[in-house]
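First chain written, first letter: the chains are A, B and C, and each begins at residue 1.
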């Protein structure tokens, strides 16, 4: 290993609904997206001097777990077996896992004690949570400074009910957007655009233009919006 | 500079004459500020090499009016360059009057010693566009000064592309070869160094300038410098 | 992307065809295009820039590139809808990004090569500044390098403009001079301080520090005050109140053990004069922007001196400084702690060069009025049959006279080889004399 510059840690966290309804094209698009993200981030890791990328994949169905039991892993070492789907959609279990890692390392989480970067968190679901316990868990999550600072995106997969949209909106709060993925064939691209755009912006120092320091999280949202607008024009 | 070792050092006057009129705005004044700073950054080394003479630096800026940056010549350590901005017309006439006074003896209000001394180095930096119509008359007056005649005169042409503008600078130096279009601080160093060498060769005071006339040796030296500087001119950009 | 493969556009009667996409940045899209013979990169701005920006870009094209290291805009392109861009040369694939050097992916072949790159970088900025331009937005993404020969390329030259004229982008935090981050008032205009040669010089020192030490000079202990490094934290560390990690006046921001490992390893090995040049720029130079920032000329002298005094350890093959300019001469390799037995020094005036096979002599060694610090005119070579015999192969136009310790003289015709013998005196030309000293 060659000597290198000290870098901050950027956690990219995907919280994926793997209940029965996700089976088929939906989960297959997610699996492909995760593989592409890994390849992209491995390259971006050596082509940026600010951050190293750590991936965490949380799947939730009846229960919740980290992929390969790894709470986080550097993209270089990331290995992955395709996600499979069955069971219910217990979102609160996913939230519990998220809460578990969104703590400082010294408090049992995976976040650094200093010099971290606000994480990027994606929540993907295609239906309403089976139980309402997620509401209490979200209150807990909102107490985590890491959760508050995180860029949060919700992806609604072919979802046509307002109630579930509300669940996603509560999750992202003021720090992100809910993206409506109305055809599962778009899912892979949407996930990629969000993760890659956010990673690219967050791996660079803030620019100062016209006398103002540009807010990085706002820039992420703006660039993601622009990139997603292009997706719409592809005529899906 | 301390002279406690008892050796009386002669003064080597280095005079920057800087056009900071409105037409110099942008890259031009940037290049000038940078050139002086570059020369200043190797000046301590030049002073070290120049054991026989004490370098004294002056800077005259001119736009609508001409102004000395410091009221009297400063030593290498004390001359601190602060970037200058641009403004107004290009009053060559007043600049030349200031120089005429500068190149007078101390008793006449100038900066030149009453006897002896080393030929000064004068470096004009301009884009060569006077706004004062009578600048040539004022230059003629300046040219009557023995010290100015003896001086090694260079002009740095700052982004000049017309013959008229070039002529303004050539008239100042008296020689088109000493108007430099391309220059580096390292090469300008040679200009100053040559004067220093002249002083060591002459050894004692009083020889270099006699009755206000430069001795031919000085011209030989100038030719040598020009040869080196012309090499710099050949650099491709 | 707005252009597709095989799209064409015509400028000044020449038609360019899009071959493919090269990339996309914050400001624009970059395409590979061909005029049928040569290929170029075409940067196409995403948003239509203001007239000032367009004017400046055209001005830069007219003025021409200050040095071959700049991938300078070559031709301005404007379409009917006023969207625009410019053509430039394509970066050769021998070059890798400066960032990939920082992340350890592409290390330099050796320290000599690293210093050659640094010198090329400083030379380029010297030439840019001599023309009255400033680069303005220096950051880790601006540079490319060839790790095998130390060659440099500088990209993104479209923000280059006259001193104190800014066209929108002030810079990137961590690389910007703090007064530009903070927006201090300009001494002359009373308005917001705009990037100029002085802010360039500060950023240049940061890039040099990053290259030599693999760390940012303002990131140390105080990082611990920030759980999350967002733009507010960056403003605090790099704008509002930057503290140099090796400041003699304020030791509160030293590198963190176990975190800034590379800096802690490399900084102590720097020669003292390089440390001083950084210290001046990063402490006094924080406030005295005009006169306390190490200038290009000073860097060139110091970096060449550093390169001259490098020696390769015969035991581990790594380079280090022998330290004849230090308080204490260092004959022990800091990497493997073995003693170096033999030293061969060439003294020319004030310059001292440790000779060893592969070492170059440059124009500045023989002519102190030269501004060519990276122009090699000689190389130390080994005899093929007897590798313990060394010589200097020079490429100069004149004959060279050498004299050994017994007074025997010999004329070496041009392009000949000067033998490296103890106490050999070398008359390079009428004014330049050197002497070899084996220790």
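Operating definition for what follows: a residue touches a chain if its C-beta (ideal position, glycine included) is under 8 Å from a C-beta of that chain, and two chains touch if they have at least 3 such contacts.
Since we're looking at a predicted model, the values are computed, not measured.
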Practice task
Using mean Cα positions, find the chain sitting nearest the overall protein centre.
Solution key: C
Practice task
Farthest from subunit A by Cα centre, which chain is it? Let me know.
Solution key: B
Fill in the blank from the handout: subunit A to subunit C, mean C-alpha position gap in Å, rounds to 39
Practice task
Averaging only over C-alpha atoms, locate the centres of subunit B and subunit C and give their separation in whole Å.
Solution key: 32
Handout entry: Whole-Å separation of chain centres (CA-atom averages), subunit A against subunit B
Key = 66
Handout entry: subunit C: positions in contact with at least two other chains
Key = none
Practice task
Among the residues of subunit B, pick out those that touch two or more other chains and give their numbers.
Solution key: none
Handout entry: Overlap residues in subunit A, where contacts from two or more other chains coincide
Key = none
Fill in the blank from the handout: Within their complex, subunit C touches subunit B through residues 63-66, 126, 129-134, 162-165, 187-189, 196-198, 290-291, 295-298, 368-371
Practice task
Report the residues of subunit C in contact with subunit A in the complex, numbered from low to high.
Solution key: 26, 97, 99-100, 102-105, 107, 139-141, 168-176, 180-181, 183, 192, 210, 214-216, 219, 223-231, 234-235, 256, 259-263, 265-266
Completion exercise
So, in the complex, the side of subunit B touching subunit C is made of residues 25-35, 37-38, 41-42, 80-85, 158, 184-187, 189-190, 193, 228, 232, 237
Practice task
Note which residues of subunit A are touching subunit C in the complex, please.
Solution key: 1-8, 45-50, 104, 111-118, 145-146, 149, 204-211, 213-217
